[in-house]
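Two complexes are shown next, each including subunit A; its partner changes from subunit B in the first to subunit C in the second.
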Partner chain A sequence: MEHNELNEQELQEFERKLRTAMSRRAAPLGLKTRVLAQAHERRQGQRRRWWMIERIAATVLLAAAVGGFVEYRHLEEVRKGEAAKEQVLTALRITGRTMGRVQERLSEDR
Partner chain B sequence: MRGNLSWQPDFEELVDEHQSMVFSLALRMTGDRGLAEELAQDVLLELDRNLNKIKSADHARFWLRQVALHRSADALRRKRANAAALGTDVWVELEERHGFMERDSESPLGVRIEELLATLPESQRAALVLRYQEDLTPEEIAVTTQSPVATVKSQLQRGLKLLRMRASQTLKEYVRGA
Partner chain C sequence: MKRAMVWASMLALGVGISTVAARAQDELPPPSPIEKTLAERAEHVTEVTLDKNMLAFAGKFMNKDKDDDKDEKEAKEMIQGLRGVYVRDYEFDKDNEYSAEELEGLRKYITTSDWSPMVHERTKGAKEGTDVYLKMINGQVQGLFVLDAEPRELSLVLILGPIDMDKIGALSGNFGIPKQAVKDVKKAQKEAGK
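Let's look at the complex of A and B:
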């Protein structure tokens, strides 16, 4: 075989030529521009997604706050209504009892 | 690898510095200029997505070499699968594609070496490209390809022998003459 005839010096020479032949090739024109444009687009998309997520989160938070306030007001009204009802019932009980006593006295006077 | 706590990656600078390395690795691994360009673009965009994980300039270079090699290997595997499905020979196709490469701007030896490289087994090709294009030591190649140093040395030896043998058959004037 031909290659067996190559000595160490020739091998080194081959390696030297190989190193020269295998120097880096220049990147194609426009590769950097395309990569930077796509990276920019991706970042913009990411920013848009975050903006959407932030908006959704803010809307959910606002809706929860408004809902909580409405619910609180409703419960407060119910509580006030219950208290008023309780007061009316107490007043009715007192009136009923007073009427009962008046009735008793009238019966005694007769 | 030198760690630098204050190192701030600048994607544009990294692309500028490494685009040629990534493209050359992909080109010599796949032997297909169009595919290499696509791969280089994907690898650089993947770097952008992983920029927060890159700790230093050396780390960026190492990461790019490793990802470029993996991506090229994946692309070759897909290519082989497609070729098998279509009943064509991927190596014949690679050699044909090399024939269409821009020869005017390259030295004849460089073009011929790339053609011969395409005929070597993938692992030997990767070792030779990292050794002679990237000027890495066998130890550094072993770290990049995640293989034992002894395996890398053997791949280099076998690959070089095979390449030299094929070159001596076709490139005698370049190997011995000049």
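Let's look at the complex of A and C:
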């Protein structure tokens, strides 16, 4: 019985504490501003990080595109140069062959 | 005032004509219509047209490495200073696929009054023959034109620019130019310079 009374006392104490804890209390002064400022800062930080990542990605992409274009132009120039060189050698070979035939014909006549 | 304007316009016209003429001398001719008909009949056609810029560009890619062959080195030296190389080679599967008129047309198309005939070789009754023309300016060879007609092959070679016969001589053996041909050209060069 005594045990039950004590329990009731304890329960009452618990209820009191709970009521106190659950009671509506005003937020500390400036908490809202601080929370909003912190959230804003976090968002800004995230935005800054993304902006940085975007910039780096764009720079890498641009560098790759420019590098690729330069390399393509270089390869294209080498290809054209090699083709022109082959043309010169072909022209000289035909010239040599033609001159050879001319000479042959002339020496036959002599 | 009116007379001065007439003189000025005549002078401008004169300058214009001489500039165009000077440029025409330096430039390769556009392909002759005869070439098109020959190409249609030929079994195998080789056409090479290289102007001054293309020759200079090709020169950059020649003999870049020490390992490159001797031909390239000599070819590079030979094309230096040239204003154009124009080569046409037609191979036919039958004899005499070209006419004497076409050969004459090609000769006339390329050679203007600046060109001196050096070799003109023909056999009576045969279409085959050889023509070699040189363009001499102040005793210097400034152009070489060769038209060689074989039964199944027709070759046209036009080289514009200062031609160093010694360099052509250096090509002997490598590109198949016999030394005697070079000697003949040099002899003609000397005679034309006199």
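The definition used in the following text is that the second predicted complex is superposed on the first by the 84 of 110 C-alpha atoms of A that agree within 3 Å, B and C clash if a C-alpha of one lies under 4 Å from a C-alpha of the other, contacts with A are read in each partner's own complex, and residues count from 1 in each chain.
Criterion: contacts are C-beta pairs under 8 Å (C-beta built on N, C-alpha and C of every residue); 3 or more make two chains touch, one makes a residue touch a chain.
Computed from a prediction, not measured in an experiment: that's the story for all the values here.
By the touch criterion stated above, A:90 is placed in contact with subunit C alone, subunit B being left untouched.
Applying the stated contact rule after C-alpha superposition, one finds that A:53 touches neither subunit B nor subunit C. Shared-chain residue A:31: touches subunit B; no touch with subunit C. Touch criterion not met for A:63: it reaches neither subunit B nor subunit C. In the superposed pair of complexes, A:15 makes contact with subunit B only, with no contact to subunit C.
Of the two partner chains placed around the shared chain by superposition, subunit C is the only one that A:105 touches, whereas subunit B remains out of contact.
On the side of subunit B, the complex with subunit A involves touching residues 11-12, 15-16, 19-24, 27-28, 33, 37, 40-41, 44-45, 48-49, 106-107, 109-110, 113, 128-129, 132-133, 135, 160-161, 163-165, 167-169, 172, 174-176, 178.
Listed in rising order, the residues of subunit C touching subunit A in the complex are 46, 48, 50, 54-55, 57-58, 60-62, 71-72, 75, 78-79, 85, 87, 89, 119, 121, 130, 132, 146, 148, 150, 155, 157, 159, 171, 174-178, 180-181, 184. Those residues of subunit A that touch subunit C in the complex are listed here as 78, 80-82, 84-85, 87-103, 105-107, 109.
Against subunit B, the residues of subunit A that register as touching in their complex are 1-3, 6, 10-11, 13-15, 17-28, 31-32, 34-36, 38-39, 42.
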